[in-house]
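Provided herewith is a single structure, encoded as structure tokens, for subsequent inquiry.
By written order: A, B, C and D. Residues from 1 in each chain.
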Amino acid sequence: MMEWDIFLAPYKQAVDELKVKLRGYRDLHEVSGKNSPIEFVTGRVKPVPSILDKAKRKAIPLDQLNTQMQDLAGIRVMCQFVDDIMKVVGLIRGRTDLTVVEERDYISEKKKSGYRSYHIVVQYPVQTVDGEKKILAEIQVRTLAMNFWATIEHSLNYKYKGNIPTDVKARLIRAAEAAFRLDEEMSQIREEIWVAQQRFLQKNADKD
Amino acid sequence: MMEWDIFLAPYKQAVDELKVKLRGYRDLHEVSGKNSPIEFVTGRVKPVPSILDKAKRKAIPLDQLNTQMQDLAGIRVMCQFVDDIMKVVGLIRGRTDLTVVEERDYISEKKKSGYRSYHIVVQYPVQTVDGEKKILAEIQVRTLAMNFWATIEHSLNYKYKGNIPTDVKARLIRAAEAAFRLDEEMSQIREEIWVAQQRFLQKNADKD
Amino acid sequence: MMEWDIFLAPYKQAVDELKVKLRGYRDLHEVSGKNSPIEFVTGRVKPVPSILDKAKRKAIPLDQLNTQMQDLAGIRVMCQFVDDIMKVVGLIRGRTDLTVVEERDYISEKKKSGYRSYHIVVQYPVQTVDGEKKILAEIQVRTLAMNFWATIEHSLNYKYKGNIPTDVKARLIRAAEAAFRLDEEMSQIREEIWVAQQRFLQKNADKD
Amino acid sequence: MMEWDIFLAPYKQAVDELKVKLRGYRDLHEVSGKNSPIEFVTGRVKPVPSILDKAKRKAIPLDQLNTQMQDLAGIRVMCQFVDDIMKVVGLIRGRTDLTVVEERDYISEKKKSGYRSYHIVVQYPVQTVDGEKKILAEIQVRTLAMNFWATIEHSLNYKYKGNIPTDVKARLIRAAEAAFRLDEEMSQIREEIWVAQQRFLQKNADKD
């Protein structure tokens, strides 16, 4: 039998540290008077039943979880605007306390289900009682609307055990489109603000 | 000069207590195997500059803030689905540790700006160092999409000092419509699930 | 079989609320420029194995836990000085959101083991999904030194399953005496400060 | 004028990260069934008035704070037993995410005032919005009794502005001795437990 608590302890520690680190960006932006691209951050260690399910589904031997299952430690970063996503990705790429291992862009190319998000897999060093241990963690970056939709899809998948009926699936795609349009409208308001501010700065500059 | 820290301390305490109390519903639902109508809860004491602004705008004398300004202590309850809002309102009305003083329904009748939310003003007793003190607090109940939109509108109002240009206002209303459509789509998925589950239960009952 | 999660949920909620409420006193004191008699507050729901142990030891039927076991919800309030303990007790007695059911004073009369603390059992109303539910909670008030000692005694009792060897017990009593002397020395420093401050105020008053 | 918020933001971030990292040791010990040498961890950024006071007292130019004032970011690690202190020091020395810059041992050689603690100054890399920034942080490791005493001494120093009257100073030293004796008694109980456990293991081994 595998001792899950011992195996997962460094993953839990990594989640706690990455949450504090990524949440820190908000304050660091605010004191410099910049808008933070990060709205909020959540994190979790994958529950054991979900680990067993996924291991079975993807035929991952339990003694290779640490290299084959990349989302045992999972972090979610929520942004207000679509444009913020790549800024967050840039911040993560620039950190010296982790190594980016893989990136998956489901924003430019959304999944068939309607799922949109930017995934980054990182290697992160945790200091355990027996010294440093490098583990994998997955960071998902998405807008609030993408996150809202993804939460619903996840609970439907869970209820229907992966076999969502065709009519519900169709509705889910329509909801994904509504979420997408909301993001679009919001983006345009943001650009509107920028343009308005630049025009304002322009006018003031003209006066000099 | 007014000593804001002393004046606002019971409001801060009320916010802390109400957050713990309303967040508690999630766990209380989960252990009974019911879906929680509450997704998450935030709270804040109104910042002093905003208090002064509003007092000036609404001509409230500073020594009548405790009775005339109802949102010094503010709580926000976010729901996944529109239908959850009235369930949360029902839970709040049923509590014996506070008294509902006023309700404002901007769901059935949204504001011209596009704003939707259900507001409840409550009288809440705080135990201070000098005994019980009853204060007013405002609880806003809304969906995630309503909240998302309201956050943007708030920051635009702040940037434009209440005078949002007509073209930005038009875009904001379109964004509110997109948020509304997202809520509609999500509601239909939820009903879809319910109908599916009832059909399933029906079938099983037929077998007996 | 008893469903512990459901049974204990209101106790967990009570612990969360009482922690926020009692911690609030610190801030409420600080803004008024008074020293807080409360240093810090912890809380826990009794773990199920400990509940079963105690029920067996005290012959409490499991269906009478809610009335017969008073410390299912447990709160600890730590004070810097012995004199602060009765101030905290006074604050708790004065609250209108709970009812004091019983008090046990192990400060004036310490237990044979050397244990010192002031225990207050309160009846506290929790708002559940099905309305108000009154539950019992035990609040222990003690100095940091008393708490330090009690923590060690607890872990020794646990290790020796209640049968601490005579020589360890003797040492434990000596440690309790050392903790008591530390409290005494600290109390005298506090009085020293008070006397010094009064002498200072006296001198300044003489000048007028 | 110096912009304190901007200057101190990375220190605040370092404090938040180090708290999560050092608190993590507790869980990492617990899941391996080992006693944690760490009881609890606190942290704070030095308040601006204290920074100005200390800069004046030690003649540190304000533009050299980052190199000359080592405790702008301060962490405190509290242990139950004196023997735990060097275990914690060992854990900190072994970390690969920080560099130990200096150590000051006030346990072997306590200060004249009675102060005991182990101080470690570390260089810690924070990821700011503009990339990595190495800052200094001071970690103080002490027992609960040492901490208790130090808290009182600190508040007396504050009240008397560094000039504690001779009679209060004498009492403070007596309190320090009481704290020391408490630590001694506690240490012996701990050794007692170890000896008892070894004797027990010995007996069981003899049976084989």
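Going forward, a residue touches a chain if its C-beta (ideal position, glycine included) is under 8 Å from a C-beta of that chain, and two chains touch if they have at least 3 such contacts.
The shown structure was predicted, so the numbers you read here are calculated from the model rather than taken from an experiment.
For the pair subunit A and subunit D, there is no chain touching both partners. Separating the CA-averaged centres of subunit A and subunit C is a span of 42 Å.
For this pair, subunit C with subunit D, the centres built from the Cα atoms lie 26 Å apart.
Across the assembly, subunit A contributes no residue in contact with two or more other chains. Taken together, the touching pairs link the chains into one ring where each has two partners. For subunit B in complex with subunit A, the residues that touch the partner chain are 80, 144-145, 148, 151-152, 156, 159, 165, 167-168, 171-172, 174-175, 178-179, 181-182, 184-186, 188-189, 192-193, 196.
Of all the residues in subunit A, the ones that touch subunit D in their complex are 5-6, 9-10, 12-13, 16-17, 20-21, 24-25, 27-29, 31-32, 34, 91, 94-97, 125, 127-129, 131-132.
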